[in-house]
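I'd like to ask you about the structure that follows.
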Amino acid sequence: MSNEKHHIVPYRVYALVLVALLALTFASIGIVSIELGKYTVAAALIFATIKSFLVLTYFMHLKYDKPYIKAMVAFVFAIFFVVIVITFLDYLYRT
Amino acid sequence: MYSPEITQASNFVKGVDQAFLVILGISFLFLIGLTVVMIWFLYRYNRKRNPVATQIHGSTSLEIIWTVVPFLLTMVMFYYGWAGWKPMTKAPKDAMEITVYGRMWNFNYEYANGRRTDTLYLPKDQAVKLNLKAMDVLHSFYIPAFRVKQDMVPGKKDNFMWFEPQRVGNYEIFCTEYCGLSHSYMYSTAKVMEAAEFEKWMTDTTQLAAEVAAMEAPGAAGKKIMQNIGCFACHTVDGTKLVGPSFKGIWGHEVSVITDGQKRTITVDEDYIKKSIYDPNADLVDGFMKGLMVSYQGQLKDEDIAEIIEYLKTVK
Amino acid sequence: MEQNAHNEHVHYDAEASKIGMWLFIFTELLLFGGLFIVYSVYRFMNQEAFHLAAEELNTTIGAINTVLLLVSSMTIAVSTTTLQLKKKGLTLFLLGITVIIGVVFLVNKYFEWGAKIEHGIWPGSEHLKTAFSQGEILFFGLYYVMTGLHALHIIIGLIIILFAAHRVYKGTVNENRAALLENAGLYWHLVDLIWIFLFPLFYLIH
Amino acid sequence: MHKEQAANMSNYLTYQGKYKGLLGWITSTDHKRIGLLYLYSILTMFSVGVLLGLAMKLELLAPGKTIMDAQTYNSTFTVHGVIMIFMVVVPGLPAVFGNFLMPIMIGAKDVAFPKLNLLSWYLYVAGVFLVLAALFFGNGAPDTGWTFYAPYSFKTGTNLLPAVFGAFVLGFSSILTGLNFLVTIHRMRCPGMKWTKLPLFVWTLYGTAWIQLLATPVVGITLVLIALERLFGVGVFDPALGGDPILYQHLFWIYSHPAVYIMILPAMGAISEIIPTFAQKQVFGYKAIIASTMAIAFVGYLVWGHHMFTAGMSGTAQYYFSLLTFIVAIPSAIKVFNWISTMYKGSINVQTPLYWAASFIFVFMIGGLSGLVLGALATDVHVHDTAFVVAHFHYIVFGGTGFAFMAAIHYWFPKIYGRMYDKGWANAGWLVFFIGFLALYTPMFYLGMMGMPRRYYDYMKEFQGGNILSTFGSWILATGLVIIIVNLVKSARHGTPAEMDPWHSKTLEWQVSSPPSVENFDEIPEIAENDGPYNYK
């Protein structure tokens, strides 16, 4: 309800998260400029995943939300991932 | 269509029909069993016969049984389905190759020696591999009697199907992927012959010439080519408009076309017809859709087009 | 896990509107998800061409836009804290910053697209069809569709933020009824989230 | 009974708000009125779809041209499919009965976002008009089939854009309904209404809503891509520009396979309400039914490729999709077993809704079992895109969802209108309808096995026998439908007043007056610890 206990996130947390996000951005730009061959895609995506994880947990308050909301978010990402994997069962194995 | 007498028309019939038998068999068993039980309950536990219901909440062991049993049965069905299909995916190395072109709205076939037909001639007991090429949109190549079907996908390179005809006869071929106006008229025939007879047909080059000679009229060869490759699916010679403009009185006629978005008028001559066939969308006849007629570059040679032009001159 | 006593107050249930927003975000994620599937399949089928085409994009503009969106995400996140601390002025100020950054992002995008179009690269253009391979055509097609759709979401996000700011100004959104602002924030983070993936996929990998 | 009379004075049908008459309806955010708005609009579209279906059958009575030309036929099945799928069965049960009953069943006064609910209906209407616009303006009705397969869908000269856009808007309406239901079920259950006490119909709506939410956007973006392809030539599905038409099919079926479970789950839910009521018996395996609902919703996401067995996917994908298709059939089997077991040792009161429910089980089994034929690789290669598929999905979409819809309307009719229908006519209608249905679609199984392709304007004369039978069936079916509709329409106005709980059911909607008051409950109910939706003694 209106006056239910709401977690107030301190400014400091937001500031730290932003710094981390920016650092990760530049790190990912750096990492793709060195030649990693076919791992560049993977590297860039790993950085993006970490960043989105930060945004979800802190900016989007998931850390402070009830477990069932977390579960829903996890479920949606999982199902999307599964759908991609299944689609690639076709493309990876085409002769 | 296949009728029950024509069993075993190809090497796949057995596997597919067995899968049908297994799945339909189990299905009928369940359908009849469950329906009978349901009707019996409706009768036996009718309010008149059973005024007070007995409350039962459920039964875990039953739930387990009727999860596991159908699971096992479906795995059996899956297995037969898979086993009947698996051999379709890999053509034997010694298969004879034929290229099938599908376009709106006809099929035609090109043999290793360059021969082209609009009927699929096949030797009995010889593995045949069809390379399927779609020229415009999706089509699907279906021979019910052989239990084979494969979509023809434009742009897809390794598109094929294979089979081994095992019985002499004529079998229908349908297009089963919806492809526009005359989808239901896109059919052709597979003619399975004894190997020796097929050999004779294949090497007999005089036949075509003889057919042409039989039709002495000017342009007969051109007409034959056009029939084979399927121009008349879209064009008529009697003035009716199908998908494309009619050829009636086309020669020397003035048409208004759209070139690069600009309208202009052209008199139909040899160059124009050739261009219309090799690059149909360059000069688009006013009032018709772009992209329907696709280029025949590589399918028709200049000599063929010369014959076609001869024919078109005669269409008054 | 839920308190059903809420029913007495059908008209304001912060948690209901929060779940509602999350559910909406899920559909948005899958909307882009469809495009990501298309992208990954075509990237897989045309690796070389995608590398080549990505060279055409300007990493610097992309990076600047990334930084902008991250910062704006932070400002709007902070604004929910300030609202709860009853600092209305600061909240409005932060929202203002967020909106300005969003607009700058769009301006950047405008120039970026403008430059491409000047070079004759747009879906269906003659130059694209003649001078580029099929894979590159696909790359640019997807580039326009995905960044375009993303820009559309930025615009929607901006409208929602302005609306929320207006309510904060009027006082109908306050420390006790913060749902609208929080939802605006969630939406804006979604826009950010998508960009976090668009950036490496289009600008970085070459 | 005095309480009931008092409530009747201001029931939701007669209630006077700010506006009178029609305006009072189309501005109302009352979930019950919105439910009826959907009912009337869906039935209107359904009638259009039925007429198109009958026209097709008439055309197929004989080979060659019978009543229309090929172009008209192609547009007819496209518009028939689009209407039936996107405007009738996808919204069908959730938007009508879900809206009307779900809040009452969970003890709430309305859905979580009533205005959004009304907006969903407006979006539905907007979508309908967009699709209809495609018929009357421009270059003629679209002729691609409801699947809009690329590349034909951007080559055809017909008026595809408004139809595609309309389907997009309809999808949006469906998403918003799903969202609304999810929030409502999560947040607005009355005290004591635990998850394990939710009526099964509500559970199926819950599963359905998740599918609506997570699958619909994928088709949304796919349709947008088709539109962009036509407008700008983006190239994503155009083989000439390097696109892959098979990818289009993946995206389309990623939505449209789960969508078939959007259609059937609420139907199963309605059946799960009706059977215990008429057997006066606790539902058999409450938890198993819930589990199977959620399993269908979840596994349903993973099997879309079974529509593409001949499309040219990799062998690995074919193997995998076939396997999972069989897995998804099992939860449906579990449901059938539980329904039938619920009848065991019941005290069965055979009334019209139960006729529909029992025949639902029968036709659903046929539809579902024929789905197994389609799910197996070898057999699907033979019958894919033939009349067999047409028979399968009419049996299951319209035998399943349609019969359940009929069961539902005969079950909840007294609640909705506060009046009873004529049972004799209702039963007669059912019988005629059922016979017509069997005659209409059974021959198509045979035709398909013989190799008659679908979407065929013309056919070889060998196929004529089956087609004639089928066409006759369509006339019988239509007769049945007319009987049913006339009976219901007449009874809604002049039927005898209905009691609060004519079937002696236990779910909450039967504990309020018929028709319900505007607020549903004077006081929010409370569910006692040992109470439940199927607590028959």
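The first chain written gets the first letter, and so on, giving A, B, C and D; residue counts start at 1 in each chain.
Here, a contact is a pair of C-beta atoms (placed from the backbone, for glycine too) under 8 Å apart; a residue touches a chain by one contact, two chains touch by 3 or more.
The shown structure was predicted, so the numbers you read here are calculated from the model rather than taken from an experiment.
Asks: Is the C-beta contact count larger for C-D or for A-D?
Replies: When the contacts at C-D and A-D are counted, C-D has more.
Asks: Could you tell me the distance, in whole angstrom, between the mean C-alpha positions of chain B and chain C?
Replies: Distance between chain centres: 46 Å.
Asks: In angstrom, rounded to a whole number, how far apart do the mean CA points of chain A and chain D lie?
Replies: 37
Asks: Multi-chain contacts only, two chains or more: what residues does chain A have there?
Replies: 76, 83, 87, 91-92, 94-95
Asks: So which stretches of chain D touch two or more other chains?
Replies: If we look for residues of chain D contacting two or more partner chains, we find 214, 242-244, 246, 250, 254, 315.
Asks: By residue number and range, which residues of chain C touch two or more other chains?
Replies: Where chain C meets two or more other chains at a single residue, that happens at 6, 13, 15, 19, 26, 30, 33, 37, 41, 45.
Asks: If you go through all the chains, which pairs of them touch?
Replies: Once each pair is checked, the touching ones are A-C, A-D, B-D, C-D.
Asks: Can you name the residues of chain D that touch chain B in the complex?
Replies: 70-71, 74, 143-145, 149, 151-152, 155-157, 239-240, 242-246, 279-282, 284-288, 310-312, 315, 318-319, 322-323, 326-327, 329-330, 333-334, 336-338, 340-341, 343-350, 354, 358, 361-362, 365-366, 369-370, 372-373, 375-382, 384-386, 449-460, 462-463, 536-537
Asks: Inside the complex, what are the residues of chain C that reach chain A?
Replies: 1, 3, 6, 9, 12-15, 18-19, 22, 26, 29-30, 33, 36-37, 40-41, 44-45, 59, 63, 66-67, 70-71, 73-74, 77-78, 80-81, 84-85, 176-178, 182, 185-186, 189, 192-193, 196-197, 199-201, 204-206
Asks: Would you pull the chain C residues touching chain D in the complex into a rising list?
Replies: Interface residues on chain C, with respect to chain D: 2, 4-8, 10, 13, 15-16, 19-20, 23-24, 26-28, 30-35, 37-38, 41-42, 45-46, 122-124, 129, 133-135, 137-138, 141-142, 144-145.
Asks: Quick check on the complex: what are the chain A residues that touch chain D?
Replies: Listed in rising order, the residues are 76, 79, 82-83, 86-87, 89-95.
Asks: Can you tell me which positions in chain A touch chain C when the two form their complex?
Replies: Residues 1-4, 6, 8-11, 14-15, 17-18, 21-22, 25, 28-29, 32, 40-41, 44-45, 47-48, 51-52, 55-56, 58-61, 65-69, 72-73, 76-77, 80, 83-84, 87-88, 91-92.
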